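Two complexes come next, and they have one chain in common, subunit A, joined by subunit B in the first and subunit C in the second.
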Partner chain A sequence: MKFTVRLLSGVAVAALSCGIAFAADAPAEVDTSTVARRLTADEYRTIIADVFGPTIELGGRFEPELRVKGLLAVGTTHVSVTSAGMEQYDVMARAIASQVVDAKHRDLVPCKPANEKAADDACTGMFMAKVGRLLYRRPLTDAELKIYVGAARVATNDTKDYWSGLSMSLAAMLSSPKFLFRQVAIVQDPKSGQWRMEAHAKAQQLSFFLWNAGPDLELLAAAEKGDLETKKGLTKQVDRMLASARVEAGVRAYFTDSLGFDEFDTLTKDAALFPKFSAQAAADSQEQTLKTIVDLLLTNKGDYRDIFTTKKTFLTQELASIYKVPLVNDGPNGAPDTWVPYEFAKDDQRGGILTQVAFTALHSPPGRGSPTLRGKALREVLLCQKVPAPPAAVAFDIVQDTNNPLYKTARERLKAHATNPVCAGCHKIIDPMGLALENFDGAGAYRTSENGAPIDTSGSLDGVNFTNAAELGKAIHDNPATSSCLVSRMSSYATGRPIDTGTPWAQDLLKSFAGAGYKLPSLMREVALSDEFFRVSPPDTKAAEAAAPNQPAR
Partner chain B sequence: MNKLVNRRRVLRGAAGITVGLPFLDCFLNSSGTALAANNAQLPVCFGTWWQGLGMTPGRWVPDKVGPGFEMKVEMRALAPFRDKMNIISGTKYFMDGRPLETHTTGWQIGSTGRIPLGINSGPSLDSQIADVIGTKTRFRSVEISLDGGTQSFSKRAGSASNPSEGSPSKLYARIFGPEFRDPNAADFTPDPKVMARRSVLSYVQEERKDVMKQLGAADRARLDEYFSALRQIEQQLDIELQKPAPLAACTVPTAFGDTKAGRDIVEAGKNSKLFGGLLAHALACGQTRVFNINVGAGGLRKAGSTQGWHSWTHEEPIDEKLGYQKEVTTFIEWGNETFAEFLRQLEGVKEGSGNVLDRSVILWQSDHGIARTHTMDFLPILTVGKAGGRLKTGLHVSAAGDPATRVGLTMQQIMGVPVSTWGALSNETTKTVTEIVA
Partner chain C sequence: MFRSLARVSKSSLAAGAVVLAGGLLGGAQAQAVESKTFVVGWFSEATYSQDTDCVGGINPNIDDQYLKNLSDLGYTPAQIEEMAKKELDGENSPIRGLMTSRARVDGKPANPYAYPAFVADPKLKSSVSKLAYGFDLDGKAGPNSVEDPQTRQKGVDNEFARALGCMRSFRGSLESRPTYFAWAWGQLKDSQPAWIVTISGESLSKDGDVTVTFDRALEHLRSNADGSPRADATYRIDPDPRSHNVLHGKLKGKELTFDTPTDFRLLQNPLMAPMEFKMTRAKLRVTLKDDGSIAGIIGGYMPWSEFYLGLGTQGPGTEYCITGDIPGIYYLLKKHADADPDPKTGQNTSISAAYYLEAVPAFILQESAQNPRTSSAR
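And then the complex of A and B:
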């Protein structure tokens, strides 16, 4: 069975026996598809909410994601589905499908069966074609639709209930690899012989990047009309998507992935040592950083580099108690969950996302702060510099004994540690940056001394000296690696393959990013309009032979 | 389409109530007689217990080699199990010049016999074993974490590992929830909903398979994993549609409420005991034969302490008078007490003259020998249980300098995996631990 799609021509319709409109005119055969990214938990949730409404509950859990080259997005091209994971997808699919046909949501089905105790192929076909197009991010083929109509029929015959038969067929679709994986169908241009991404694959590439969601109806329609094949049509869609409020979800998804906020799921802080770091504070701290970024980069169309220096942020009561600032909140009952804009004073140590609780607490062990973990995160996440793993057979005990009266502060302990030449090389590049954040304890609260000794926060980054966290923020802001790293990580995130800072595409993107004043939406636009973003490899001929037609893959 | 219809007809036949179908062969012994209370005829089970961060030098390796060894201080809690277990000391993980990803490389070698190149790795030994002994049970394997996380070291291939269940109550629902069919129930009626789900699955399988025809080799390998996962769902449904053979020892454990998941060792210990009891019943009821426990040592901690087990191993000075890390040793003792309590739960479910532990073997491994300095040698390895008579027990084997993979190879062979060699480069071995093979 070949997946056929219609390319470049007008709206043509082939009617199925059950009266379903389906585009099948002038089909170009798609023999092949490439890298299948597994949907992330967020993408799955968003698609379900978009297709069936926000009141549908998932009722299952997702498999762990995999971080490759610093990004979960790159990991999606490597992960598969394990048996325990499949069981969970199956549980979720059935939970979702049974809600979709329950009395509360049944109006999602655009027709009523003639008899609720018997199969109704026409009604099933209408429904499955409608939702299938959104779930598969392309129209179902004739054969696919027939299968799902047939599946609903056999299940209805077994259960003597139309709705449960329909729900079982829908559940099967929700655990199909065509839904769970983002396949990229590729087609050969009949004239040039070049391989390129098929229009629907382009549409989903755009929507997952810009909105962290599946394509909406307008984008699917544009794909089917062939609009995405022309620069003009593509630009129109990209600009429409960037102007939409949904782009915020895309920006949040990128930073959540890039800043490693998934690790908050397993972050613990000792309640006895950090009583203020509640589960709510942990959730609020991520939201604070994302709100700061969205406000600066989207709402105010600011310079990306300013996220390391901005004094403007948002706080809740929970966070205000960690930051030790008075928060005036005139909401009802003190409304503890309300977000209030807040601006730190010019001379305050706080400023920029590095000094926010989300960064300092995430990169600390449960009971204390860690200049090494913070410094490593800074180098790797924000500057794209790889820090080697510690060598084997090294003892840490002499130097990191927090009770040793000789070494009261982390700086002193690390200095002693770095006398070991095996360790010194790496700590020299990691620690100075991390030490600048030592004014913030393991849960992100401000302090000026450790074990009674004053904390020294001075250091240097690539030749630029600083004396405290605010100056470190400025040094990161001014470092050329900061913006080239964003370009590299965002293009890797968008394509699901690692794009190094030195590649010609990354260089071009950086040039235009700088030219546009380091505005994030302009970078996203440039990525989305690039040929590289839609680049595909020619088909793997060996694989095609292995999966010779007429031999069902087993 | 005819093919589909035919398949479906076959299926409907299979789903019929008592059409003279044989019992699933997992409930039969090799001569095909139905099982009664005789424990010797019950199938073998395999488990892993992954407890990171090693043990303390001088505090676990018995002085005496062979039988009748003494239990050193960190092993005290396991003393009641001495004659049911083996200690294999002195083995190594070989790096062959590859960089050490601390706390990762050890697991990779211990579970797959090699350091993978890149992200994709081969199957873990438990899944090789599950492919032999676990194909006819409702769950091919069950993964559990004691720290509430989802990580496990069990993988079929590629880059995805089977996620662990961290909540005992959720595992209870998964095994003994509404879809559980009591093998000792007097009557049996297949659930029409399960029949319908099974029909749908066979109806849509062609639709799913045409994905494969369009993919390159690497992607096909990934989707192979998907399809083997899917087959397991089909198999679960098939099992639910057949009357199970009676299992005299099978009883449904009492349900319990949610417990606190987390990294506090007190909570983790409580959860471990619940998991042990649940698994014992699941094994007695023929629901699975393979399980993997990830203790998640690195993140475990005591409430109110500035550091967890992992940071203590690196940062606690060696006590000058005692000659070891005082705090770290308490965590290791906690781990072994928790393991002992888990084993007691398996012993607690009686099957004829024996119990669930007797027909099982549990392989205890770690990522480093001495966590303080990230060593890849002096590895502690334990096996507990006689595997239904396939293993000798009560022995301390000193295998100084040998690859740790010898033990993994032994486990696979006694479980019937057709392998004569396991591991790669210096971790490759053809030598089983013959001392412990019955």
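And then the complex of A and C:
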């Protein structure tokens, strides 16, 4: 039994409002779902590139994303599309569609119309069925295909241009919620009676998690053959995807989300204080951390916890000058910076992603470093421990005044600030970790003193003492919460719903993760093969009926 | 092939504090020496402009100078007034067209920048200041010698400063950058190869003998987000020996002096493309600053015609917007040239000058040594 409702959404109407009057009159039959996740900007870009090639320009901007429970991925289940956002989706849809049919890209259409000034339903149907399967991550229904073929026909008749007609119909498809949202169709298992994801929903659940992309043809075919309903078939596909180079995109997407790199979009630094922190440095610093992670966890199949201690990384010339290490670009004068593998010395304070520019700079205000922000990020992002928000009406002036001769270092300023008992509780749990990173200024450059006073980087984490950033990295590495937090966040990322560390599924995953030597691909495999990964709630038939009273559930 | 780091630090690998692997200083150092490397982040004529430099004020703005030039070309006051009115009203004035062909070769209009000697000398003013940065290059105090306002040395030769001291765009101070040089530096710093300075000695924390080398890099200067020179960037040294300059001197405190006259040449001029930068009998002084950077003045004799050529090839746009009357500068340079007379004409071919440089710490990579590519943060 397949659960569907008829839905004529505002989104669909808006999408079809580009002069294609027939579309609004047609019944827009849409599979609904227990969960719908709006495509992230990165997912949208990847799908367009996969389907139409990398030269297609989007020509618009995306709705802001929402971070829920520390992850944008969880936020995708909470966001809708505003009218202004729909305008942008419509702009992008038209821009993309017009490029797809232009002379440069027309080869994407697998047939030639008999007459370029007249409609050609057969050719249109062939093209729309082909791209619709990839855009919707499932085959179009006959009704859907009929609508899009009809749309192209009417538009062609109006414009007397086959390609314009095809473009308008494709634009409507790209503006559809079926494309913009990852809708999860659910089915009832005939044997158990349990509700579960329909095969194509499973396929996209897998592909967005493992590849940060829509399903490829092989995965869609597997779904259509019913392979994903068997353990053997599912395993085969998961292992194929994990063996693919595209898994790097999945890993990058997860860490980009989990480490909050979207906040770089609004990160600013005082150029007078941190002149080296250029736009290129900001971009390179994110890439450095991602390269470090990918190299360790995928290329070298290393222990996840080593990302906090590894001395191996990659640098560009722009970053090297911040790290104050020599790094040459072998290219001619003016050549773009190159990425070069780099290994810090064993006794170097640098080591692990916490000491990289991306982490230290991102968790700092524009004009100084911040042990508090860094400590908070460590607790919340890496250990999954909630830090309460500061109480209202707290005075931060002592902390923020870096020129006060009485408090030359951040440690001294925080100590003075924490004399306020309202503040002391939280600072007690976050500052010791953040202070260990005080050797790195607000833009991530190394320093040993602040305002002429030596910096004390000692502290403790859950009873483990450390004296500097390198030892903090080791303490994070050895802390049990580090690996359980990854399990929690990665499973939350994969499903789009918060998975606490204490849930049975998270506990099972942690056990197998530890047993596999904390190898990330192993954890991803376990997640992807879990029943919980595809778990859905039974349909709320009353809500569905209320939403569409004239279109009862079938 | 440039694969290797020639210099590693004594205690930690850090820009500006390195030890030579040997050989860079022409084989002069058999033992390890301490070195600091820098990339030049600002280079300009060393100017010390004062209000009293120019009798009756500095030379006219180019608009006014053009009106004088029209008179020299034989236009009547009425004609000039009419053209000036059109210029002011934004109408199609012929002034600029006349100025870009104000040379007369065989009586025919010609390009004044290519043929400055065929333009009537506008007789621009020179500076009469008795203060200018530089060095006593000829060992004698002449009537035009000046005093260095920094070292208080007398007998300083800097005719370049006297020649251009009343041109608005060449006036300034070490702190307030002269317009022309600031503009030229800004135009070229992001494309022309950088200059690398290496200071070496047995110990740079003790007084003693030191050597400084100037080399051309293969990369242009790397800049910060605010446009300032980026410290701790890495450059490759151009192996072309024509751009390798060595000066020997003394370190006392934080002051380095290089009094032995040395010919200085780099295949590229950071202020004029595609010119070289050449000085003969050059002397140098450098200060090691507390922030790790250096600042210094290099003085010597330079071929004035090459400086002019650099200006002349820039043409009317630069003349109008930046430099002022370019043929007028030709005559000033020719008049103030004070060395190396042409054996046939007796015209001096070189002019004494002083330039100011600032440099920030940098890494350099040399050919044929091992690059450890590991480091300790400092």
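Methods note: the second predicted complex is superposed on the first by the 503 of 554 C-alpha atoms of A that agree within 3 Å, B and C clash if a C-alpha of one lies under 4 Å from a C-alpha of the other, contacts with A are read in each partner's own complex, and residues count from 1 in each chain.
Keep this in mind: a contact is a pair of C-beta atoms (placed from the backbone, for glycine too) under 8 Å apart; a residue touches a chain by one contact, two chains touch by 3 or more.
Just so we're clear, the structure is a prediction, and the values are computed from it rather than from any experiment.
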According to the stated criteria, A:Asp347 is in contact with first (subunit B), second (subunit C), both, or neither; which is it?
second
Once the shared chain is lined up, is A:Ala320 touching subunit B (first), subunit C (second), both, or neither of them?
second
Taking the superposition as given, does A:Pro539 touch the first partner, subunit B, the second, subunit C, both, or neither?
first
Is it subunit B or subunit C that touches the larger share of residues in subunit A?
B
If you stack the two complexes on chain A, which partner ends up touching A:Asp90: first (subunit B), second (subunit C), both, or neither?
first
First, second, both or neither for A:Tyr446, with subunit B first and subunit C second:
second
Return first, second, both or neither, reflecting whether A:Asp478 touches subunit B, subunit C, both chains, or no partner chain.
neither
Where on subunit A do the contacts with subunit B and the contacts with subunit C coincide?
271-272
Per the touch rule above, subunit B residues touching subunit A in the complex are 1, 4, 8, 95, 99-102, 119-120, 140-141, 143, 149-151, 155-156, 158-163, 165, 174, 192-193, 195-197, 199-201, 203-204, 206-217, 219-220, 222-226, 228-230, 232-233, 236, 262-263, 299, 301, 303-308, 311, 314-318, 325, 372-376
For subunit C, which residues are in contact with subunit A within the complex?
2, 5, 13-15, 191, 193, 218-220, 222, 224-226, 228, 230-236, 363-365, 371, 373-378
Residue ranges of subunit A in contact with subunit C within the complex:
269, 271-272, 274-279, 281, 317-318, 320-330, 332-334, 340, 342-345, 347-350, 439, 446
Once bound in the complex, which stretches of subunit A touch subunit B?
1, 3, 30-36, 61, 63-64, 66, 68, 75, 78-88, 90, 143-144, 146-148, 150-151, 154-155, 158-159, 164-165, 168-169, 171-173, 175-178, 180-181, 183, 185, 266, 268, 270-273, 365-368, 388-398, 400-402, 404, 537, 539-540, 542-543, 546-547, 549, 552-554
